[in-house]
Amino acid sequence: MSNIVRFGVSLERDLLEKFDSLIESRNYTNRSEAIRDLIREELVKKEWVEGDEVAGAITLVYDHHKRELLNKIIEIQHDFQNVIISTQHIHLDHRNCLELIAVRGNPAQVKRLADKLKSIKGVKHGTLSMTTTGKDL
Amino acid sequence: MSNIVRFGVSLERDLLEKFDSLIESRNYTNRSEAIRDLIREELVKKEWVEGDEVAGAITLVYDHHKRELLNKIIEIQHDFQNVIISTQHIHLDHRNCLELIAVRGNPAQVKRLADKLKSIKGVKHGTLSMTTTGKDL
Amino acid sequence: MSNIVRFGVSLERDLLEKFDSLIESRNYTNRSEAIRDLIREELVKKEWVEGDEVAGAITLVYDHHKRELLNKIIEIQHDFQNVIISTQHIHLDHRNCLELIAVRGNPAQVKRLADKLKSIKGVKHGTLSMTTTGKDL
Amino acid sequence: MSNIVRFGVSLERDLLEKFDSLIESRNYTNRSEAIRDLIREELVKKEWVEGDEVAGAITLVYDHHKRELLNKIIEIQHDFQNVIISTQHIHLDHRNCLELIAVRGNPAQVKRLADKLKSIKGVKHGTLSMTTTGKDL
């Protein structure tokens, strides 16, 4: 059961009107939720620089016809099994696959895993989504 | 069967040495693959600005105890079923969930979906990974 | 004379404690100022996508020994004199110059100017800082 | 006199065609220059993480009517005079100023300076452009 506190924010009326219009366009129904999201965004960035444990998603797009590609992807994932939770595989077309790898662990190790996977020959594009385990956020 | 072409790049020796050392640290085994990745990175950015069809992943971290949260997440996903391929759900701890949603479609629509999901009260953090369907890349 | 308004934000105690510690590390003396900055950051991003007039800075690092480089840089700047306010030139060492160009105007035009300058042969690196004219922010 | 070397890059014809069209839209006249810029972009990012000396620009937009603001900005700049090269000041309108501060030095120190300036009450927006001294790039 979380412990809700309340504090006041003062700002210029013009600024507040612009903010209200911005958050409405992003589907927020109240200011508190929009501000909580801005705050959490900053805290998640900090976790990735200074924290011990983060969560994230690595995406890979690759042509599964490339020789040895699947083996290399699997092999590297096994080397990092302590940070990989699970993998989702989508057949985009006859040749191209999209793989979403859910990860959790030390930020430096997660980044190293993403770098290793992205540099494999045949992997066309890779991304690393930096999110959080949600503890205390 | 792709059609491989070759072209020459000229640059300063100092710059090339620094590049070689950079790509080695990122696990590349040859310069061509590293340069292809830099090129594809730019093309994917362009697809998200000007293209018709992209692929991606939305991540959400949320506390599933929040009232009505799961229903809202499901409802919005159904409204966007034409861009959602599949979803992967991970129980991070007793309260927190990580959801990875594989998406494909029009870039503006995918961004709108991500905005809608991120602004739901109870969703602590959301990200959108912008990647590609891999066609011609 | 700006018109100050005040509103309340409610959030979890844990989240607030983390936020307080974050903003203290960034030298903020009160929460309102930190939250105003988060809000303005979002509004400035929006101005660069949808707005008519923005302000910014273009940086260029180049080797002034390169043949014809200075002439090309000057020529392009003259073509965009309606968005360039002024230029500051620093001699980094015997060969390298840092140029800071203060700009103001239509976001698309400012980006086009930055692209043109960055692509000149001999310009080693260029950046575009996206900021605001400050009106109503 | 720099020492130019040449190496070959092989890639798919489709990819090369897309790249050629991209760089043409960014005003590049040849592929080598476009690729050198992609390479230098990566090296500059690395300098800001691991390097000893970088160059950059801090922009500040502020309302000079705010009490004590100018004094605080000057005071902080003096504390960091070892990383500040020079400052350019633009009167955007009756109230708003744009200040461009050319900086050079240790990346962590430059970032700390930017954080300090951005957090001053009355500074509406601040940015840090991360560029390079150009040595060996």
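The first chain written gets the first letter, and so on, giving A, B, C and D; residue counts start at 1 in each chain.
One rule holds in what follows: a contact is a pair of C-beta atoms (placed from the backbone, for glycine too) under 8 Å apart; a residue touches a chain by one contact, two chains touch by 3 or more.
A quick note: this is a predicted structure, and the numbers were derived from the prediction, not measured.
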Shortest hop count from chain B to chain C along touching chains? 2
Which chains are in contact with both chain A and chain C? none
Just the number, please: Cα centre separation of chain C and chain D in whole Å. 9
Which integer distance in Å separates the CA centroid of chain B from that of chain D? 26
For chain A, which residues are shared contacts with two or more other chains? 40, 137
Is the way these chains touch best called a line, a ring, a star, complete, or other? ring
Looking at the whole structure, which two-chain pairs count as touching? A-B, A-C, B-D, C-D
With touch defined as at the start, can you tell me which chain B residues reach chain A in the complex? 23, 26-30, 33-34, 37, 40-41, 44, 55-57, 59, 61-63, 85-86, 88, 90, 92-93, 95-96, 98, 100, 102, 104, 115-116, 118-119, 121, 124-135, 137
Considering only the defined contacts, which chain D positions touch chain B in the complex? 2-16, 18-19, 22, 31-32, 35-36, 38-40, 42-43, 46, 136-137
